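Shared between the two complexes below is subunit A, which pairs with subunit B and subunit C, respectively.
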Partner chain A sequence: MPQGKLCNRQPIKTDEQLKLTLADKSGIQYYAEMEELDVDTDLLWSTIQKTMKSRTKTWLEICAHCGMCAESCFLYQVNDRIPEQVPSYKIQSTLGHIVKKKGKVSNEFMRHCMEVAWSQCTCCNRCGMYCPHGIDMGVMFSYLRGLLYSQGFVPWELKIGSGMHRVYRAQMDVTTEDWVETCEWMAEETEEEWPGLTIPVDKQDADIMYTCNAREPKHYPEDLAEAAILFHVAGVNWTVPSEGWEQTSLSMFAGDWECCKDNVNHVYSAIERLNPARVTGTECGHAHRATVIEGPYWAGRPDGLPPKPYIHYVEWLAEALREGKLKIDPAKRIKEPVTLQDSCNYVRNQGLKDVTREIISYIVEPGYFVEMAPNKEHNYCCGGGGGFNGIGRFREQRNVALRKKMDQILDTGCKLVIAPCHNCWDAIRDLEEEYEIGIRWSFLKPLIIGMLDIPEGMRVEW
Partner chain B sequence: MYELLTGPLLWLVFAISFGGLLVRVVLYFKGLSQQLDRVAYRPHLSYGLKGAFNSIISWLNPVGARAWRIRPGFTLIFFAFHIGLLLTPILLTAHNVMLQENLGFSLPQLPACIADILSWTVIVAGLFMVLRRIAFPEVRILTTAYDYLLLVITVAPFVTGLIARYQGGDYQFWLLAHIITGEIWLLCLPFTKLSHCVLFFCSRAQLGMDYGIKRGGMKGSTFSW
Partner chain C sequence: MFKKILLATTGSPASFGAARVAFDMAKRYGSEVTIFHVVGVPTKAFSHVVNDVRTGEEVEIDDEYLSWVEEELKTTFAKQFAGADNAKIVLKTGVPSREVLREARKEDSDLIIMAASSGENVTFHKGYPGSTLQKVAKAARCPVLSVHRESASYWGGFSNILFGTDFSKQAESAFKFALSTARELDCDLTIFHALDISGKVLDQNEIEENLLVARKRTRETYVPLMGDFKNYDIEVWEGTPYVELVKLAREKSIDLICLAHHTSELDPERARIGSTVEQVILRANCPVVSVSKPDKV
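Then we have the complex of A and B:
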């Protein structure tokens, strides 16, 4: 019967509960409580009956057990191809079993499911492209995560993560004041070098409303400054909202669908309030997936689209370069072998493969760009997707997962990796830390700023 | 017995089988949910249909999807099995004679030797599928008794049919066995995983729509399938 104090079926809704859970270092108490947590089997089954529609049901039923999906999963590949890592097996032995048992499963089984759902699948959706029946395990694992979350079987960090989103509407404790102050502070600092630069907050009817990842104001505010510089140089009439600026969604990784909806509505109401012509987000894959690709459905928007055209940063950048709003000094183009990390969340999930290569064509000296193999929509997950990066309990498994990307990068022979996705960027940083293969990695913003051909007098030279 | 099996009973089997499959298709599409599946099926129908079409075509074509291209061996067995499975019963002369007697029309017919080859293909490919399930750990772990049972049910009409055709043993017995195994197979279609004969199209269409709409189609990207 017992629900724990930290580990329970209730989402974190108050600052107090959030702090309490955070104070439990590495979730020691949290996971201890999880071992005692009861499964509300009736609730589980009724949730499944309400939410499991023909697509998932059919997928579970018609899977031909052919094993075609095995090799498509990078986790299967890097884990010595053990059969337990075959995508179909992973989902059949977890979600499939819960459904077969009509929700009557044990605590131990739920913990096993948690481990599989968060440490054996990053929801990268690659396997779906290799299954003759079009069975997408990434989609089904997201669904399973939702079921597990609703029963309290979710990794400690993600319980906190979605709690952060619920309490602060950001994946970190960045309040509206913190955010606006960061904008002002960054504008002041940057303006010294870029006269006239501003970070306009809550400006009505701008051309572009910019949203970002809470880790930027919290840990590397220079990313915000870089975005401001590029908008400034491009002469864009832009703004950031004081509320609704955070577009990431750890709740999506956690399976906290209610929270996902709340977050995305928060961003959408900022769009409706400020009425920009378009919105663009930062260099983040999952944030884009959450706010632009999946978000409209969480919010119940019938057309499946955000209230205004909402593009990924790479789309904005490609456009600015194409239209000459940003000019690259040919002498400063990258002249070393460089490769590109395709982020599953906007390549496999929204087809943005060519715009990134268009950007490359402007910033890399011909002949120096080396594709990873495979690439574009067939590229492998960085190894840290789906929340994997952040979960301490599965650190070891995550480090193994990084090896696929490591091999891909090593095969290109490049020392520089462009990663226009926060998660990928982190994963590649961690992989260098773990395996020391001597690479560097970068977002696009700093690279581009370093290569800009800037109109006379726009920048103060020191 | 023969009259019964090829007369009223056959029609009943057909009705259950094809009716059942139709119901499955209808239920599939009725059970889709725009919000839960996160695909706006209706508002972007043209993108969706394009994606659906693209997806189905690419997977019906043995070199259309990357997954087929990278595993030519499996692809060959797989396509041989399914082509034999589909063509033989429809185009077999003996079946068409029945059709002619009952309905007054018949379909183009296969020369006997081709029908034989196709039947043998089904049996041999089926055998390979079994061996594959045993040999490869990544397939073995997925395989259950149910998978073998379905393979047996599927191949049985071909085995019995060939024995009857070569007059091996008691013709009457094997003919009846052929008819009965064939009817069992038909009856299993809507109620087992064999329903993939229609649900494949549903699932592919659905995923094709997903890709065609939000996962790239609206950005002008056509995935390689």
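Then we have the complex of A and C:
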């Protein structure tokens, strides 16, 4: 069977192909073509032989099918605890089967794997913490996604998302020109209230280089303005690169590993070009995972580190508050029950659990912070991670997945949720839209700006 | 001075008054008018689905949908389109306030015209300035004219302009705009200050003394800026500012009220235009223009 015009093994590399795929409403033609898509079983098996490392082989081999991972998975919990949602079953019945069959699997089976890989796992890696052998199904699902992507079995939106990164070097069609223009626009809009505020582009040797999520310049540029205000008030010598500013990686969700490497190298070359002392990104979990935690390995950096110290936004914020560069007016602290969403990607996967709580200690009146249960590295995925938020085909499953977070939030009794991660923020917004539980949600930046003790003359009152 | 008008509209009846004013101005002053409509608000993180601004339903944007929306707008404004040579429709997706600001900046618009709200919100009546107007008025570089009552849009060009001042920095920009409009269109200009005595019990002598001071201040602040412009009048009344503004506008058959807005609230969701401007927009029987920035005056 031939490869489809839209659904095929080739990544989207041109604007023309991108527009063509985008024009296919709901991916109807795309998914129809997928049903006819040929599985290159030889290629699949040779890819597995070349890329499957001993860890994954061992994991598949030693899994005792004990089921102790079952309760760790929020998708198992919210889906009536059906056996098909047990993490070990999910991976053994997909990747395990492909390996067992030496890649000789059918189109139908590959489509089944796609469904499991993108609608039954968010790669939140929680199961890995509860497996007696430390087997991490999230890591294996990421690997499976790579195999599926290479064969063309990837959800329509993620094929496009990955294509966006390849064509525009951003997850949305934000060009370099659009980005620089947005920086100028936001500086203009903000400088009147904050005299002296600038958004310096391509400044050499700054203390901080800032990177962000393409959704910000595209739809919410005020987020960039808010970052600028906080850097300005903290007196930081900062910059944004004109190229290499986009920190996210939908290609990581898609399993397009070649593109992941390309994305991260693009950011790293900006660091090398501008030579900042440090880099920090926006309040985004997967962007941090892609660029800071996994990126160095994709890029083949021998030390496993980005070219310069690369901290998450919460680390920068905590430091600025700790050192008094940003001062909170105690009278403006949050005085209502408030809870915090721990992002899987930088909390479970990097351990930044205390630093977020340190921020809470500055901005919330003592006695008002309510932990979710469980929390920190044990926290559940928001329900929208791993690309789940954006895939129309699996919207129904995603909405069910949101229920775990909804229950956790309802149990705290809080109406305000702080979510310093784009995907979490979106998932929580969507859960409010879907279930109407009467909550509000916020990134840290606007909250902090609202409670700053601003030095005299720094801000002009309107 | 109104070369480029941006009419931001949802296409709902709440914006018909604004549309009437925009097209009327375009025909009268030879302006270029852009009917700007945000099709949907992006939802669900990275996705191709948006919430339709009129129905609230999830839609996928494609060419077919866009041409349908364009056709709808053309039908809605068919009467106005007739005879408007310099009008075009621009459709975008995104957060409405942000996209209006983006378009105004891109096109270097001289004036944004919009309704006070989409009229969909049952909690606030349709004249109540909605969050989109609030955000646009806060950040726009050009004046933002709002029309929320049908009755407020039945006018035949500007001839009587009322400028209300609280002597703030932003009021300087609003004054410049009022003056240059009055000059260019040969209008009468009333400069007005309301001595705010709402909620206070004051001695009548004190009120009168304060009125004298305010009148002097108004004269000293604005007369030197007017040069040879003579069609002006100064009024200083006491009361609740928005009530007095609306009363004066009615009494003098004002057809444009010009005010500045300013707020110290950072959160645009909570930032109100400023209670006076807000109340005037809600009540006035003529278009109200909010000017805060010096760029387009």
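Here is the rule we go by: the second predicted complex is superposed on the first by the 462 of 462 C-alpha atoms of A that agree within 3 Å, B and C clash if a C-alpha of one lies under 4 Å from a C-alpha of the other, contacts with A are read in each partner's own complex, and residues count from 1 in each chain.
Everything below uses one rule, namely that a contact is a pair of C-beta atoms (placed from the backbone, for glycine too) under 8 Å apart; a residue touches a chain by one contact, two chains touch by 3 or more.
These numbers were taken from a predicted model, which means no experiment stands behind them.
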Practice task
Identify the partner contact of A:Gln171: answer first if only subunit B is touched, second if only subunit C is, both if each is, neither if none is.
Solution key: second
Fill in the blank from the handout: Comparing subunit B and subunit C in the superposed model, the one touching more of subunit A is B
Practice task
Could you say whether A:Ala32 touches subunit B, subunit C, both of them, or neither, answering first, second, both or neither?
Solution key: neither
Exercise for the section: Could you look at A:Ala277 and tell me whether it touches subunit B, subunit C, both or neither (first, second, both, neither)? Expected result: neither
Problem - Touching partner for A:His133 - first (subunit B), second (subunit C), both, neither - result: first
Problem - Residues of subunit A contacting subunit B in one complex and subunit C in the other - result: none
Practice task
Under the touch definition given earlier, write down the residues of subunit C that touch subunit A in their complex.
Solution key: 42-49, 60, 62-63, 94-95, 98, 101-102, 105, 138-139, 141, 170, 262-264, 266-268, 292-293
Problem - Contact set on subunit A toward subunit C in their complex - result: 22-23, 25-26, 157, 160-161, 171-172, 185, 188-189, 192, 215, 218-222, 250, 384, 387, 389-392, 395, 422-423, 426-427, 430, 433, 446, 449-450, 461-462
Completion exercise
Touching subunit A in the complex, subunit B uses residues 27-40, 43-44, 55, 59, 65-67, 71, 74, 78, 133, 136-144, 147, 193, 195-196, 199-200, 202-204, 206-208, 213-221, 223-225
Problem - Footprint of subunit B on subunit A - complex, ascending - result: 51, 53-55, 57-59, 61-68, 70-72, 76, 81, 83-84, 86, 88-89, 92, 128-136, 293-294, 296-297, 300, 302-305, 348-354, 377-378
